Amino acid sequence: MQSVTRWNLVRIAVTTVYLWVGWVLFTWSVAPRTLALGLIHSSVVALLTYPVFVEHDEAARRSHVPRLQFLAVYLLLLVFQMYVASFRVLWQIVRGRINPGVVHFRTRLRSDIARVVLTNSITLTPGTITLLLDDDHLIVHWLDARTTHSRYAWTLVAQPFERLLKRIWV
Amino acid sequence: MTIAAIVFLGLGVVFGVIGNLGVLILPDVYTRLQASSTASTTSVFSALVAAMLTVGWHPMTGKIAVIALFFFVTSPIAAHIIARYAWQREIVPWRRSFAERRQLREHHDD
Amino acid sequence: MRKTDILDVVARKLSPYMFLFGLYLVSFGDTSPGGGFQGGVVIASGIILLAMARGTGAAEALFPASRLTVLEVVGYVVFLAAGIVGVILGVGFLGDWFARGASVAARAATVGDTATATAAAAASAHRFVFLLNLIIGVKVAAGVSLICLTLFRET
Amino acid sequence: MTELLLAVILVVAVLAMRAGDLLTSVILVGVMSLVSCLLFLHLAAPDVALTEAAVGTGVGSVVLIWIVFKTQRRVDRGSDR
Amino acid sequence: METVLTYAIWFFVGSALVSMVRVVIGPSVADRMTGLNMVSAQVLAVLVLIAVRDGRSTYLDVALVYDIFGFIGTLAMARYFGGRTT
Amino acid sequence: MGRIVELLAIAVVALFLVTVLSPAGTGNATLRDTVVANGVHDTGAVNLVTAIYLGYRAYDTLGETIVLLLAVSGVMVLVKR
């Protein structure tokens, strides 16, 4: 068997498993008919769309099998940070004391999905939204810009997330 | 369970009010997007969590969880897309004047 | 090394789930508010998402417009054929010809076992509705995505 | 609630007709379609709500956006960008 | 619990109405899109709360479709309003 | 003058919507009762809209698919030029 063929089979299998997990979560039933129907449907969809779900050069094992324990910790941290950030935005809006600014820094994460999750987390959490993600350059609008220095801004905005994300997805 | 649901609904109401207020009174697109993406997302997410707590262990739980997950992924991305649109259209961010900023910083240091 | 674009990654990871959800709506069309048309539009929205995020070229690499056209026309022909099969089997145009369950049910009804009869009839009818839903879903998905791909191709 | 939603739909539709800018009109039509989806669900018609959400909000606004994209932009009143 | 849910539904409907003010008055297109995004998010919450109040799990399909298409609408607007020369 | 006519038209539409769409009036319900009583048994679909759409009125659906086919071919002909 050619190695390309084997890699394609692995891609199809990975896509099928991910889609099937989504199906089971959504239908929330363990009736055998539903499960079988989900398996058929997810393999059909996987056959059609495996070239986009798993890119040809996206071969690192870690980017498909995240470390679940860190992921759970990360999600909890994210939701907690979201509430804290909302209270801070609330306070700033009520007081009317905002000092918006635009900062730029570079991220150190390597994989696509980790960068996207980082962007999402930055947009969700502490008074910041990502304006542009160009490869590893991030331009961030900050509601309470305490600095415009690139490295210091990275320390304040992105470092707590990156430390965990590096363990989850590389 | 019911108490927790009511608490989450209350949080949702508070953040909804603040998000609307922010979107109405803040000065420019980016700051309004801040209010929208942070406060409003938190508000709707709280409502979804409250719904999940209300139904308990039920076929609806999985569907609401999927909706919450989907919302959690797409809402920041929609905000990012709008912000990128504004940034690429060269809408200049609003800033405080230099004197006001210095005053603000001195106030911070106190 | 590719460059990371957030929209690209999101479209790649999210559109298969949209296809799956569309198939869910199509296949549970008889018990949930979905159905062929709605599920088909949701499937088409996955293709639209791909076309928006990565350009129509990338979407057409996966779903070529020629194949979608064929699917659209063949869907119509298959729907017609599903009706004509009913005529041939003697249950009328677009009648419920699925399985031999119907005749079995009729025979059981004469004996007096109405419960089995209704159950068998309902099961076969259920499968027939599922088949029609599937055909309509595929056809609508092909049609709507074809419209949007054609509109956005040159821009 | 039905009357409130109907009034909102009517007001938004009139605003969409009277808007000076076509982009504004498209966005207002999107809002109208969102609210009417809510109205249909409130009237216990999930089928119609689903179709409205799918066709009115999604494909309909995509086609409208294509149409606006194909036209020359002309702004009546002083809205920028 | 039902009364609480009903009040919450009313609150979110009113909140969506307030967000529409931003859609109507917003000076730039990006402002209007922000308002549209907020309206769609809040109506999503209303749909889920109605489904929970009535105990109909099929209403949740509507909510998910709604979520998908709100996202696609925003995406299409941002993608194709941006490319024009004013 | 134009403004007044416009307002009048809107008021008439609002009155129409409120009177027709108000849930109080049900009208003749024989067909509805028949479908509700026999739909599930006849077509095997729990969702009664699907029961009508694909069971009682499948011929109608065939026509709708022709409409979609025509729409697609119209768009392709118009845009390709």
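Labels for the chains are A, B, C, D, E and F, by order of writing; each one numbers its residues from 1.
Rule of thumb we're sticking to: a contact is a pair of C-beta atoms (placed from the backbone, for glycine too) under 8 Å apart; a residue touches a chain by one contact, two chains touch by 3 or more.
Keep in mind that what you see is a predicted model, and the values were worked out from it rather than measured.
K.L.:
Quickly list, by label, the chains bordering both chain B and chain F.
P.N.:
C
K.L.:
Report the chain whose mean Cα position is at the greatest distance from that of chain E.
P.N.:
Taking each chain's C-alpha mean as its centre, the farthest from chain E is C.
K.L.:
Determine the chain that sits nearest the middle of the structure, using the mean of its CA atoms as its centre.
P.N.:
Looking at where each chain's C-alpha mean falls, the closest to the middle is E.
K.L.:
Please work out which of B-E and D-E is bridged by more C-beta pairs in contact, and write that pair.
P.N.:
B-E
K.L.:
How big is the gap, in whole Å, between where the Cα atoms of chain D centre and where those of chain F centre?
P.N.:
Each chain reduced to its C-alpha mean, chain D and chain F end up 19 Å apart.
K.L.:
In whole angstrom, what separates the CA-based centres of chain A and chain C?
P.N.:
Roughly 32 Å, centre to centre.
K.L.:
Just curious, how far off is chain B from chain A if you go by their C-alpha centres, in Å?
P.N.:
Each chain's C-alpha centroid was found; their separation is 18 Å.
K.L.:
Where in chain E do residues touch at least two different other chains?
P.N.:
As it turns out, chain E has residues touching two or more other chains at 28, 30, 33, 35, 58-59, 61-62, 64-65, 68-70, 72, 75-76, 80-81, 83.
K.L.:
Return the residues of chain C touching two or more other chains; collapse runs of consecutive numbers into ranges.
P.N.:
Answer for chain C, listing residues that touch two or more other chains: 6-7, 10, 21, 25, 31-35, 38, 42, 45, 48, 144, 147, 151-152, 155.
K.L.:
Multi-chain contacts only, two chains or more: what residues does chain B have there?
P.N.:
Chain B, residues with two or more chain partners: 33, 41, 59-60, 63, 66, 73-74, 77, 79-81, 84, 86, 89, 91.
K.L.:
Taking all chains into account, which pairs touch?
P.N.:
Chain-chain contacts present: A-B, A-C, B-C, B-E, C-D, C-E, C-F, D-E, D-F.
K.L.:
Of all residues in chain C, which touch chain F in the complex?
P.N.:
Residues in contact with chain F: 29-33, 35-36, 69, 72-73, 75-76, 79-80, 83, 93-94, 96, 118, 121-126, 128-129, 132-133, 136, 139-140, 143-144, 146-147, 150-151, 153-154.
K.L.:
Which stretch or stretches of chain D touch chain C in the complex?
P.N.:
Against chain C, chain D makes touches at 46-47, 49-51, 54-55, 58-59, 62-63, 66, 69.
K.L.:
Going by the contact rule set out above, which residues of chain F touch chain D in the complex?
P.N.:
Touch residues, chain F against chain D: 10, 13-14, 17-18, 21-23, 47, 49.
K.L.:
Quick check: in the complex, which residue numbers of chain E touch chain D?
P.N.:
Touch list, chain E to chain D: 10, 13, 16-17, 20, 23-24, 27-30, 32-33, 35-36, 39-40, 43, 46-47, 50, 56, 58-59, 61-62, 65-66, 68-70, 72-73, 76-77, 80-81, 83-84, 86.
K.L.:
Can you check the complex and tell me which residues of chain D touch chain E?
P.N.:
1, 4-5, 8, 12, 15, 23-24, 26-28, 30-31, 34-35, 37-38, 41-42, 46, 49-50, 53-54, 57-58, 61-62, 65-66, 68-69, 73, 79-81
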